[in-house]
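Labels for the chains are A, B, C and D, by order of writing; each one numbers its residues from 1.
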Amino acid sequence: MSEEAKVGVFVCHCGMNIAGTINVKEVVEYARTLPHVANANEYVFMCSAPGQDLIRGGIKKNGINRVVVAACSPSMHEPTFRAAMAEAGLNPYLLEMVNIREHSAWVHSHEKKRATEKTKALIRMGVAKAVLLEPLEEFRIRMQPTSLVLGGGVAGLRASLDLAERGYKVHLIEKLPTIGGRAVRLGTIAHSEISGTDLLKPVLDAVESNPNIVTYVNSELEHVDGSVGYFKAKARRNPRYVNAKCTLCEECIRVCPVEVADEYDYGLSKRKAIYLPFKEAHPHIMAIDPVACNKCGECVKVCEPGAINLEEQPQDIEIVAGGLILATGYSPYDPPIGEFGYGRSDKVLTLFQLERLLDPEGPTNGKLAVSGSVPKNIVFIMCVGSLGITENAHPYCSRMCCASSLKNMIRITQLYPDTTIYALYKDIRTYARRDEKLYELATESKIKFVNFEKTPTVNVGQVGVSVQVRDATLQENLVIPADAVILAVGMAPSEDLSKVRSVVKVGCSPEGFIREAHVKLRPVEAPADGIFLAGAITSPKNVLETSMAGSATAAKASTLFSQEEYRVEPITAQVTEELCSGCAICIAMCPYGAISRKTVGEKYRAEVDRALCKACGACVAACPSGAMQQAGFKDTQVLAQVVAISERRTGS
Amino acid sequence: MSESFEPKIVVFACNWCTYAALDLAGTSRIKYPPNFLVIKVMCSGRVDPQFVLEAFRNGADGVLVAGCHPGDCHYIEGNYKALRRITLMKRMLEKFGIEKERVRLEWISASEATRFAQIANEMVEQIKALGPLAPRLEVSA
Amino acid sequence: MTEKPKIAMYWCASCGGCEEAVVDLAEKILDVVGLVDIVFWPVAMDFKTEDVEKLPDGSITASLINGGVRVTEHKYMVEMLRRKSKIVIAYGACSSWGGVPALGNLYNTKELISRAYNEVSSLNNPEGASPQPSMDVDGTTLELPPLLPRLLPIDQVIDVDYYIPGCPPTADVTWNALKALLSGELPPKGSVIGASDKALCDQCPLNESKPDKVLIKDLKRPHQVIPDPAKCLLTQGLLCLGPATRGGCEALCVKARMPCTGCFGPLDRVTDYGAKAASFMASIIDLQDPEALEEVVDKLPDPVGTFYRYTLAASSLGGSVRGNKS
Amino acid sequence: MKQVVISPITRLEGHGKIVVCLDDEGNCKKAYLQVPELRGFEKFAEGRHAEDMAQITPRICGVCPTAHHMASTKTLDDLFKVEPPDAAKKIRELVYSVFMLEDHAIHFYILGGPDFIVGPTAPRAERNVVGVVNKVGKDIALKIITMRKTLRKMNETLAGRAIHPVIGLPGGVSRPVSSEEVQQLKKIGDEAVDFGRFTLKVLKDLILSNKDYVSLITSDAYTHKTYYMGLVDEKNHVNFYDGKIRIVDPNGKEYAKFDVHEYLDQLAEHVEPWTYIKFPYLKQVGWKGFTDGEDSGITSVAPLARLNAADGMATPEAQAAYEEMFKTLGGKPVHYTLANHWARVVEMIHAAERLRELANDPEIMSPEIRKLPTETPREGIGVVEAPRGTLIHHYETDERGVIRKANLMVATQHNAARIALSVDKAARSFIRGGRIDDGMLNMVEMAFRAYDPCHACGTHSLPGSMPFMIYVYDKDGNLTDTVKRNLP
């Protein structure tokens, strides 16, 4: 920069903390000899009012334009001294702190002479950097206290409600024709007698009636611009073909010629192309399955209120939000055809299908009918799709399957006392306070637990199905004829994630779930600010954990929204376009997606979104042209420190 | 001669873990030899191999690059980027004739003040044994 | 008539490729000869060092020097030309950063000499003779200039005003630089002239083929893979140094389906080309497991020869620091 | 006794100087050619990736980088034990022919030729490219410049670069030849052959028609009866790119014909402490000092040597020119150093014809241009005929293909001893009673230049214009006299 650097060095005694070990006089004398140093002072407590006056005075009277404070760790008083500088009208980022207390005095009290020498060196390095410091301005974004919630399952609903109740506006986007997600399809909720639908009905009603929540069903997120504080999102609402006039008279269903498997029942039942997703579907009107519908128009003819319009077009929706909450959930592990006989026999069902069978509102009205009759011998195979028990299985444990299997076993023994249930497990993980109870109950209710090391096999024959397993405890092979085989499948990353990742800048864990900013410390936040992760999008969770996560994201978002504006530390990366070759090396370095490639003329150039940059500097170290630099940690600034490790006078 | 020789060692410390560990060493008065000159960077991922070479050129006898433990990086995986660079860097330094003991990449969390002290002592001992590097850089033309 | 600018061209430890590069200006060279007075060009013109020595100091408008300083005479000549010239331009990789011959800096002069005269298989040298700085041959003392301990870029011996990069500089780059020189429209002292301010990717036809995230899992040496000619070589695991190398050649090697080896050297803000090149290359190796990483790096047994092919003499360390151990 | 140092300016900084030792009568007792510079490629090749040698070794010489590139590439084929597809070999030879033609042309017209084209007795100021232009006329001069430019551009396309090419890889080349390029090449092929014919005409009209020149060429001062070496094909015809090494004795009898893998049995290098250049010689015959004849192991290379060592040329027009040359100069072998200029023109025609052949060979368009090596590398040896003579590369590597040892036997080295002979002979015959004049300088200069000694290879200076000056020292080393050319 144009004006010549005039550095003021301020050495603190910190009482005896520093002065007790380091010869401050000598250090100050030395500092005066350094290039660009206009004056050097010492004081017993630099952080005290008189101490700060020295600095302010230095700036005002002696025209100092760079400040080096040699004292304690910047984590203690950097803000103090920056404030002092600002008061004196000097940009607070023209400060370099030299940590001579923690890094010298306190750790070298046994070698006073050498500690003093080291201190001189540290100050020499500090001054060298200070000379090259540049004024920086904090970067601010006006906060838009609105959130966009993607996914209308337990997590998304919980988050939306919590935020709405705090008075923040919520835009809730759901791909399906109804909110409720997968939990509403649970036949029974553990530790209770009610079904998933019953459990969530009040939540669905609350969401629908809350004026702060705008719900978009049949809708998909298409594009997101901007960053924390001000995201600009584009969504598309696909035609439902049925509007609010619908009275649910069901005439349309009667006349509809098209019949398809009902995904709501995991294929256990059929539905028409026009249908009500489920009893408590919100909104409570019919929907037309655009894939199945052949547009024959029969339904239109019979619809008294004229609620059906087959000509309906998709609609674009624009949403501005300060924060995003991603709650796209999971997909049940879908066994490949033939794995444990799945798809080869109607006696082999997944845990999720069993839930439907046991739902009083389900396809069999709660009757456990497997290929027509109530099974006598039921074999549960646990950990299907988990703990790597098969080639196709995930390495992790899905947490919920044990408890929910046991819950269902118990229910079956209650409903059908004379069935025999075998539970083949690799490991039983009913963790935490209440689930362990299920295990106790199960063991009491004469369920046969068989532990396996070698994965069981299911044989589907003409006559029937049998399961072969080696009991690891008794060390003997069992062949169990089964009227029903229940595969306790776990949770897999949602099929929608790739779409989500193409729209929102979030990373992926090795298992394929979305990666948190920190597994333990920031479990519901994405690395990039303003993006929150609710529910099973980050890892398998049960209903309880999912609502906890939902509330947690709401809490996080509220903290964000409570600020007038979002401040970005100015030490971000910045690219000099004239020097950028568009080699794109930097882009992959950024865990926050802050760098993108823009086209200038014919050529690519890198572009940094300062709002997203967290100032790690990884892209700077990688940038092969030196076009990318980090404010406050420029190559030249750090190198000046490095060069100054030697006594050789430089830059003077 | 190498008795009186006190190696000069530069530490590139990440702001969140290692720099904090050095602060902790101070507050807990853990003693270590005064051979270390600390340069703060926000993340070990900011450390450019150029810094390391320049440090040697300007009289460093050793360089310690230190950051958060894998998985604990404040910036998610900056430390892995440091790992990649320093791994390749070390191969080059060997060819230049700079002994591998002179360059170390360590993960030192904010709580590992004692560990830092122990690494510090170790490095000083090893580098003393190797002798000063500076004389070997001088070539008269 | 006003006096034409006086130009001198001179070589030190160079291969002659830089001279050929100037000859490759073809018909343009006649324009140049028309515009300037060439007062010294050992290759093509009949002037003697003596004549140059007689010129008043600062009377040469510009000297273009190629080749690094390897023996004492080189040192003498560049110092002399510095005195005589207003502007000194380092022409080509060798005079700018040492070039390929600077790889000799990985060894000491003893090793260089004994390899050539006492070790190679074709020798028949029972009495182990080797070139001597001064020796008596039947009554006459013959002298040979000794090698300097290291090959040096000329700016480590004299003050250099401008640099023209390349091994060798292309005709276009040379022409651009000469135009700038003759028009007097010169950038600040110490600048590179004639070439681009951006890295080669800016000129590379394959840059568009790059994915958003440039990451690789493996390194490949050129003879180990037949690359897809439509895809960025770097993304195919080849060590293309284009991202770290100054543009100017219009990606000649890449157009021949070979990775850039960096002969146009570093960009302005880079202090050590090899370290920077290694840094970006390591950065994109998308591995976290240290063993896996070591395995990949093992596939590159010669990182120094790869990343410092042309710039070793100008690097932070300048060459091997093994000292006397070898 | 006195010491005379003849320092060609271009060699002053260590590119070669001539020291003449006088006896007390001031007659030349002995003359030494000193090449005082070393860059140490053989050492710093160690530790490098073998495949990089094809790009590192061309930096030995920017005048004949293509020769080193090809020698290295062939050495890599041998090292990795991989046979390139035919198309690849043809593309390499195509590139090589373009290079040979262009390199010979620059020497004939710009560096060496002026002596004759303008005339050895013409004022020195005119004996340069400008003089050539005046003599042959502007448009012809332009024709020459354009031809060179076309050839250089062609190789920039085919080989990546004209100076320091990059396409060579073990097992092939990196880049195929496109159909557009082939169209261009066919055109260039024809132009090249015309250019060769034209050059031969220039040689005849301006040189051979002149009796003085011919007698100069055949004069004893430029005659040395040494062995001659060059690559030949299975018909013992000259081949630049490939073949066996053939050596004929001073009587033109075949002395040896061998595969390059046996070069260590046939050739050895002698070291003198007063120069950085090494002196190769025939191992079996042995090193007998700086003397010619059958008993001296001194052999020579470059155009004349190649023609002497072969039984003919592989292409018709070159063959005709070859026969004419030997007929005119009294049969094989020709020992006249200055005949190199003529031989060079014969080779230009050969290169041009070969270029035309390959340009018209449909196979060069084949996409089959590479085979990936699968063998573990250990040792490889390769050879080509550089414009200035036989060029041998020899690498040993570890199993990762990292160079352990490298040996480079470079064209100009082979001629070093014979050049020393020429210089010594010239000095002896012309320095009398301490009297040293221009004529002597011209003689020495021409003798020297006829070889087109690319010391960029042996050391690193370009051939060409070599003004001399002479310092005469007394025995105490005081400068008593200096003689310079072109003083007013």
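The rule is short, and it goes like this: contacts are C-beta pairs under 8 Å (C-beta built on N, C-alpha and C of every residue); 3 or more make two chains touch, one makes a residue touch a chain.
All values reported here derive from a predicted model rather than from experimental measurement.
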Any chain that touches chain D and chain B: C
More contacts between chains, A-C or C-D: C-D
Could you name the chain whose Cα mean is nearest to the mean of all protein Cα atoms here? C
Where chain C and chain D are represented by their mean Cα positions, the distance between them in whole Å: 25
Using mean CA coordinates as chain centres, what's the gap between chain A and chain C in Å? 50
At what distance in angstrom does the C-alpha mean of chain D lie from that of chain A? 70
Between chain B and chain C, what distance separates the C-alpha centroids? Give it in angstrom. 32
Shared-contact residues (touching 2 or more other chains) in chain D: 47
Shared-contact residues (touching 2 or more other chains) in chain A: 589, 618, 621-622, 635, 639
Of all the residues in chain C, which ones touch at least 2 other chains? 106, 270-271, 276, 279, 283, 302, 304
Chain pairs that touch, all of them, please. A-B, A-C, B-C, C-D
Chain C partner contacts - residues on chain D that touch it in the complex: 1, 3, 9-10, 12-14, 19, 21, 30, 32, 34, 36-44, 46-49, 51-52, 55-56, 58-63, 65, 76, 80, 106, 110, 124-125, 128-129, 142, 145, 148-149, 152, 156, 159-164, 166-167, 169-171, 174-175, 263-264, 267-276, 278, 280, 283, 287, 370, 372-373, 394, 400-402, 405, 407, 409, 454, 456, 460-462, 464-465, 467, 469, 484, 486
Touching chain D in the complex, chain C uses residues 11-21, 23-24, 26-27, 42-50, 67, 70-71, 73-74, 76-77, 99-101, 103-104, 106-107, 111-113, 115-117, 119-125, 129-132, 135, 137-142, 144-145, 147, 151, 167-168, 221-226, 252-253, 255-258, 261, 263, 301-302, 304-306, 309
So in the complex, the part of chain C that touches chain A is made up of which residues? 197-202, 207-208, 210, 212-215, 242-244, 247, 267-271, 276-277, 279-280, 283-284, 286
Within their complex, chain A touches chain B through residues 73-75, 99, 101-111, 114-115, 117-118, 121-122, 125, 507, 515, 517, 519, 527, 571, 589, 591, 614-618, 620-622, 630, 633, 635, 638-639, 641-643, 645-646, 648
The chain A residues in contact with chain C across the complex are 578-585, 587-589, 596-597, 603-604, 618, 621-627, 629, 635-636, 639
